[in-house]
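Just so it is clear, A, B, C, D and E label the chains in written order, and each chain counts residues from 1 on its own.
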Amino acid sequence: MVPLSYYLLLSGFLFACGVAGFLIKRNIITIFMSIELMLNGVNLSFVAFAAHWHALAGQIFVFFVMVVAAAESAVGLAIIIAVYRTRETLNVDQVNLLKL
Amino acid sequence: MSTDNLSSIILTLVTFVPLAGGLLLMLLPRRDRDIRIFALVISLLTFVLSLHLPVYFHRAQTDFQYQIDKQWVSTPNIHYHMGIDGISMWLVVLTTFLTPLCVLISWTSIHERVKEFFILLLVLETALIGVFTSLDLFLFYFFWEATLIPMALLIGIFGHERKVYAAIKFFMYTMIGSVFMLAAILWLYAHTGSFDFVVIRDQIASGAVPRFPAAAQWLFLGFFLAFAVKVPLFPFHTWLPDAHVEAPTAGSVLLAGVLLKMGTYGLLRFNLGLFPVESRANAPWVMVLALIGIIYGALVAMVQPNMKKLIAYSSVSHLGFVVLGIFSFTQAGLNGAMFVMLAHGVSTGALFMLAGILHERRHTYEISEFGGLASPMPVYAASYLVIVLASVGLPLLNGFIGEFLVLSGAFQDRAVYGILGATGIIWSAIYLLWMYQRVFYGKVTHPVNNSLSDLLGFEKLAVWPCAAAALVMGVAPILWLGAVDPAVHAALTPFARLASRVVGR
Amino acid sequence: MNPMLNLWLIPVMPLAGAAINGFLGKRSSRQAVTAVALLFSGAAFAMALLVAARFSSLSLPYQEFFAHWIRSGTFTADFAFYLDQLSLVMLLVVTGVGFLIHIYAVGYMWDDPSYYRFFSYLNLFMFFMLTLVLAGNYLVMFIGWEGVGLASYLLIGFWFTKDSAASAGKKAFIVNRIGDFGFLIALFLLIKHFGSLNFQQVFGAVIPLPAETAGAGLLTAIGILLMVGACGKSAQIPLYVWLPDAMEGPTPVSALIHAATMVTAGVYMVSRSHVIFERAPVALTVVAIIGTLTAFFAATIGIVQTDIKRVLAYSTVSQLGYMFMACGVGAFSAGIFHLMTHAFFKGLLFLAAGSVIHAVGGEQDMRKMGGLRAKIPWTFWTMTAGTLAIAGIPGLAGFFSKDEILWRAYQASWAYWLLGLVTAFITSFYMFRLWFLTFFREYRGEAEAGHDHGSHSGRDSHGAHGHSGIHESPKVMVIPLVILAVLSVLGGYVGVPGSLGGNNRFDKFLGPVFHGSTLVDAQHTAIGEKGAPEQETEGSEPKTKTAASTELMFTAISVLAALLGFALAWLLYFRSPELPDKIAASLSGGYQTLLHKYYIDELYGALFVKPLIDGSTRILWQGVDRKIIDATVNDAGDGLRHVSDEARHMQSGNIRSYAGWIAAGSAAVIAFMIWMWTGPR
Amino acid sequence: MSFHLILFLIFGAVCVGGAINLLAQRHPINSALSLIAVMAALAGDYLLLGAEFVAAVQLIVYAGAIMVLFVFVIMLLNAGVEEETKGSRVAILVGVPGMLIGGVLVAWVVLLRSGTEAVPIGALPGHPIDIAQLLFHDFLLPFEVTSILILIAIMGAVVLASKPESAAGKVE
Amino acid sequence: MIANAMIADASFATTTITHFIPAYSQTLPQLADYVRILPEIVLSLFGMIVMALEPLVDEEKNPRVLGSIALIGTLAALCATWFMAQSPGLAFWNMVQADGFSVFFHVLVIAIAAVVILSSYEYMAVQRIRAGEYYALILFGVVGVALMTSAIELVLIFIALEISSISSYVLAGFRRNEASSAESSLKYFLLGSFATAFFLYGVALMFGATGSTNIDRISRTLQGSPVPVLAFVAVAFMFVGLGFKVAAAPFHIWTPDVYEGAPAPIVGFMSTAPKAAAFAVLLRIVFVINVHAIFWVIWVAAALSMTLGNIGAMVQDNVKRLLAYSSIAHAGYLLVAFAASPSLGTSAAMFYTASYAAMNLGAFAVVSHFANAGERYVTLEDYEGLGRSSPLLAATLTIFLLSLIGIPMTGGFFAKFYVFSAAVKANLIWLTIIGVLNSGVGAYYYLRIIVVMYMRQARKEVPVTPVGFAPRLAIALCLAATIYLGIFPGSVLQYAQDSAQQLVQQTPTENPPSSTVSIPATY
């Protein structure tokens, strides 16, 4: 028997790690992965809550999230390619033409 | 059409004929001469129409006349409510009187983008008239803001060297000032459910407005700030000299002649009308500001090397008289204030025209550039002298009546105010006559000035009406006061009640 | 019941003249201009005479109402005229002398390029002056009051191409304005307390009031303020400074405005308001003291002046001082009497001086004159008459009026009398000095060089006369001289005081004005507290024998003083002309002080003018306006722009930073929400 | 200390380790692999929670498809070890503290909210039929709409990834 | 035993079947359901048509075809919206709700799309952009945006949000030759999905708090006091996500960069349509999921956005960037309405979105035309003397700017006016004062543009190509809308108020504005 809060804490932790990754990683792709990590964290709490409420809707939600994540990754990676094409770098710190 | 149903729509006509003219002007081809003539015709037409107001005005009757009240927007409950009393009527007529002269004075001085110029001028006239005629606070604010753009553009496009700075300064000053009024208006609407001046006034008077006592002071200040900037009252006056110096002649004329009056009119109509108690309470420091304005403005005017700046500061001084009179809460004071508004409109307007005429010929306002002009251009000098004397406040010319009444009113309210204010008559004599001497007397110092041409035909047409008006207003002020007096009396009744209540306590 | 006199026509006539000349004069011939000017001013004079003729048939005061001028609430001011003995006298003097001077000016100004302008101004002045004297309330009086100021401004600055003239005009107007300031305040007081400015109503309200023996009070305040106004207009201390400069104007102007009429407006106004003054002893004292001091002070300056017109100017100031002295001691009729005689002889003197200047081609410095007696006999003789008159030689106009004043002054306080006496001595001295310097001994000016043409354009431009040599003035100028001379010889006989066997008809004539309202006890206290030996109401007949005898004695003394003055002048400027310089050298300090008019102008300059200008420039304009207000505004703008520039650096362009902001922001939001959950519940 | 809990702890440990490793690794490939580990472990957790369907999808779509795509792109752009550039102080000075605060708060709330009520294994019958019922009936519209989402994604990917015709110079 | 097993198996099967069959509802979507999402259907159909035609149409020969089809699509969608308005109600088992509110926003966003497409015509030609996906993406994006406004199920909202977001990520990167465009696309994408994750987490927590993802059910659950803390946190997270979308401070920072880099017409689109939709969602969430605490968050966000936006814009020399900042400020004004009481605030906000869309689209249409090939001319000094070189363009831009300032006779004036009067009615005195002050100060930077256009001489040669028919039509439409809203705001406002009334009544809670009641008298 596992307390619900454990699951929630885990998901929260994953989410936080995702945020942290976004903040500290330099490589665009890694940053993007951090975002995926955040989504995973969310998914976990969805499933946990679904279990808690005995509501399947949560799982459905996770399903949709995954679809969206897939779509996002497709577009995102395309964008990354486009950026790489114009800037020849994957370091996010060097992608700052637009400022001030 | 019979006068009655003309009377029912006359305000709408007077207000929007110039706008319509402006719109028509857009369609006209860019033939400058035709455009000028057309603009002149329109403005004259407006003037003639506006003469209907005093002619059919019921002098005895104190409440608003020629009223028209139609729903404009259902929610919020905004009405197209217009009407005038003795106070606003003359300001309307003043506006319509000055505009044709502005057209004339710009006849040759504006030679590029003529079309835009006159369109802006006519739009400005509509906005100005609207400010004086609207009785719906929203409508009022609407026109109030609407005056801003054409004026700023007039300054910014057709002005002189530092026009951009002046235009922006003018715009920002008034804009920021008036947003506070907007807030106050919104508050009033939120708590009375109406924008109608009369309704709100009566509700406040009957104490039917919730939370009013707490907010009243702030509301008063909200309105006051907007108007004080426009007047301009002492600490808020620095936009005026720049705006004037940079503005084209017509712009200065309307600016000094009418725009400033929007402020004093607002004080008189709204601050006194809506918040009598607060007005009483705040009167002392307001009057002190006014006095500072009178003396300070005069002293600074005295040492200006630039003719237009000098006139601008003199406006600060004169408008100080107006505020002094308004916040003296005496019949004489308010009548005087009203009359100073009109007189200042005419005489200072004329002064700016004259300055502009000089600028036409020499492209400078620096007094040191002139001297001894009375020899080459006697007629000009004579006209100038008449106007100068008018604004110096010589009896039998319009300046005197107002100042006398204001000062006696202020004196009745508190002697020291009257005395300090009265020094103004000395200052005005000093700075104006000194300026006149430096410009017109002595030998011609700059050879260029020998060849200056005297007043041209259209310039005479522009200036002399003002001189004539100055004389008539000075000899027969009764014609104006007759209508103003009852309105002022009505405006003062709440204060009478106030006083009685105070006595009662 | 009163016959309609249409008094309004009297001022309107000259106004019409002014208008016609002003608008059409430029294009019309000199003759036409002359015709218009003389016609209208003459008409005014004629009507004045007409009024005088019908005067006896009037019930006084006679009032005419024309129209409402200002109405504000309960307060109204009307265009209304008011005629009584006092205003009649003024009316006659103004129109009469004015007309004469018009005639004279025709000759004097003939060659001036803007002849028409001159007469238009002159007529304008007549209009305002007549409005002033006929006014039915203080406000209409104020119209005239300011109007004459305007006229004098225009006429002093008539030769505006000359800077000194322009400045003088401006100075005159501004100083007058300072006076008017006092006047206005007085009017406000009247409005506040009596609700009206009508003479009738005001006086009606004042008469029942008791005298303010305690000193300061409403009436005192009003009186003093009115006096301030009078000081401005009538060039009394401390506001006299404009009058000497006013001599920049053409001589006829000096004669008409700055001698005969305008400057006496103050006296007129004070006597008009005598009801108020009589009830305000303190105010009266102020008037008296100011008058006396001015009389003496101006006279002393007059001693050393070398400009013929300036001498006359200072003498005018001093004579006005006499008049105020008279009013100050309650002898209003005496003041008015002197006003009239002074109008005659001072007008005469100025015109004569003008004729002299005219003769020597624009020269005004007496040291460059001399020996003109033979060359311009008419001028000489008329001038002599004037000099004798002002010096107070028995039998001439000046004698009677001045004597009357001195006597009444003595009754008030010996101090007034003494100063008055000294002044009388000085007066006769500097007048005879002028007389000797101008007409006797040899001509000292460079004979013909006085006529290098146009050299003194601007000043009385008689270079413009095509002919050379010192010459008598044309008839048109001489005739007025003669008439005025006659007047100043005989004018005094209307008011021969009782002590000299006369029965002061003038005083009696004015009696109703000044005694109608007099309250005896006020007179008592008024004089009593000045420790007068004799206490009697003015002109109460018959005088006691002793009084008459003492009066005679005083008369003798003053005559003596006059003769003394003559003798001294004869000694210094005829007998041994080198003496003056010696004396001047020996007590150079005093001499310089006098020569520089006690440095009053410099004092005012240093005290008021300069600080005002500098202060306004440095402190107010550059300081407050530029450095404080504008700077604040602009700094606010710049500050915002600066802040904005800083704020932009939040926009570093770095995605991670942005994410950082978002994370922090969301943390804040979450924290707040949780706090809200814990808090309010 | 039930078997259930032990499993959870194991999976959880893997998750945490993977997440931290993702942050710690300097080379994207390693990060990607650790992310895959996290996802696999999560799938385990889903199983524990009785969400077999989700667990399966997690493994197939996420760990399988998406991560493969990532790795593919990493290879394509042969992204090397990321260099330690000092790009943003804000992220460290403002962002990380913010993240920590937020995390702590949320954790606190979670503990506060749902004390220790346990989730039984197989808590809810994730029967495919039920899921189908939801997916194709109750959530029919979202399901259909996702198709548009995917369409857009495809189009976007095509548009952005394809060589811009006029920018040939820019690529090399 | 096998038998047993089989029986067991069978029994299991039977039991399961008997257990499950009746539970299944076999109902299929009715016609009404489809009608209530008809606009979306139409739009996606046309989107696909455009996509399908794209390879077949030679854009060199007839470049306008695809655009015209897309335009027709939007018009058709507008008609479809009319049908939708005819049958209000829930659809697809409480997924979407067709009510006045959603209809209003449908019309709005679809009209925006139409205008954007119009103004894109010559832009595409000038920038040499392949058209097919462009128009399709706009259409699909509008589908998402429109769905957001009518969805009442968080799942659907999330997906719709993603649709609109992803399409705008792609569109932002459409100037593919420009590094800046790619960068803006990247920034938008990364930060956007970052924020989306927050929103999603919020949804998860809300689901955890209430066990449901349907807004109505959630709000009904939350009526039971006390509101669980999870709901508070959830709302916070959702606000982060939506605040990002509407560019409300402190989640606004992405805006200037993205707007600067993205193609001008797309910026016009991004700054209006998704924003409007996001506001719609926020409205639903704020007023339906009724957690009073959010009020203060909105208060602060509003004040911050106004101030930061205006201050940031003050020294901008790039017009696109300047307008980006101004859009932040305007988001602030809008949030003021949110802080006010719902019935008033909602209508005010709806009116504001409408008029803001009109004027901002117009402004961007002019800017995008003037920017010319490669968006070379977007700095203030390029605008110098525009008043002379092309008076008409300058005049229209001036009117849009005046409207943005909030000068009478323009929609912007009434928009601000309604917002602030709503705020005052709700006694948000201080917020109102901050607002009016901001709108006063904000006038400055709009004025700068007007000033350089009219009061400065052109220092360099800026070619102004004549405006084609389509963009002219677009500008004219915006102009007409701005002026109309400025003179006869009554009709639109009336509609807004009615639908707002509906929205308020839908919420089971009586008078959700209790938020404003329960908090102190004046802020």
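Note that in this section a residue touches a chain if its C-beta (ideal position, glycine included) is under 8 Å from a C-beta of that chain, and two chains touch if they have at least 3 such contacts.
Source: prediction; values computed, not measured.
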{"item": "Maximum centroid distance from chain D, chain identifier (CA atoms)", "value": "C"}
{"item": "Core chain by centroid distance, with centroids computed from Cα atoms only", "value": "B"}
{"item": "Of B-E and A-C, pair with higher C-beta contact tally", "value": "B-E"}
{"item": "Furthest chain, CA centroid comparison against chain E", "value": "C"}
{"item": "Interchain centroid distance [CA atoms averaged], chain C/chain E, Å", "value": "81"}
{"item": "Mean-CA-position distance for chain C and chain B (Å)", "value": "37"}
{"item": "Centre distance in Å when chain C and chain D are each reduced to the mean of their C-alpha atoms", "value": "102"}
{"item": "Euclidean distance of C-alpha centroids - chain A vs chain D, Å", "value": "5"}
{"item": "Numbers and ranges of chain A residues touching at least 2 other chains", "value": "8, 15, 18-19, 22-24, 31-32, 48, 50, 52, 55, 57, 60, 64, 68, 71-72, 75, 79-80, 82, 85-86, 92-93, 95-99"}
{"item": "Multi-chain contact residues (two or more partners), chain C", "value": "648, 651-656, 659-666, 668, 670, 674"}
{"item": "Chain B: positions in contact with at least two other chains", "value": "172"}
{"item": "In contact (per the touch rule at the top): chain pairs", "value": "A-C, A-D, A-E, B-C, B-E, C-D, C-E, D-E"}
{"item": "Complex contact set, residues of chain A against chain E", "value": "8, 11, 15, 18, 22, 28, 31-32, 35, 38-39, 41-42, 45-46, 48-50, 52-53, 55, 57-58, 60-61, 64-65, 68, 71-72, 75-76, 79-80, 82-83, 85-87, 92, 95-99"}
{"item": "Chain A residues touching chain C - in the complex, by the definition given at the top", "value": "19, 22-24, 31, 92-93, 95-100"}
{"item": "For the chain D and chain E complex, residues of the former touching the latter", "value": "105-106, 109, 112-113, 127, 129-130, 133, 137-142, 145-146, 148-149, 151-153, 155-156, 158-160, 164-167, 170"}
{"item": "Chain E residues touching chain A - in the complex, by the definition given at the top", "value": "155, 158-159, 162, 166, 169-170, 173, 176, 178-180, 182-187, 189-190, 193-194, 197, 200-201, 203-205, 207-208, 211-213, 256-258, 260-261"}
{"item": "Touching residues (chain side chain A, partner chain D) in the complex", "value": "1-10, 12-21, 23-27, 29-30, 32-34, 36-37, 40, 43-44, 47-48, 50-52, 54-57, 59-60, 62-64, 66-75, 77-82, 84-86, 90-94, 96"}
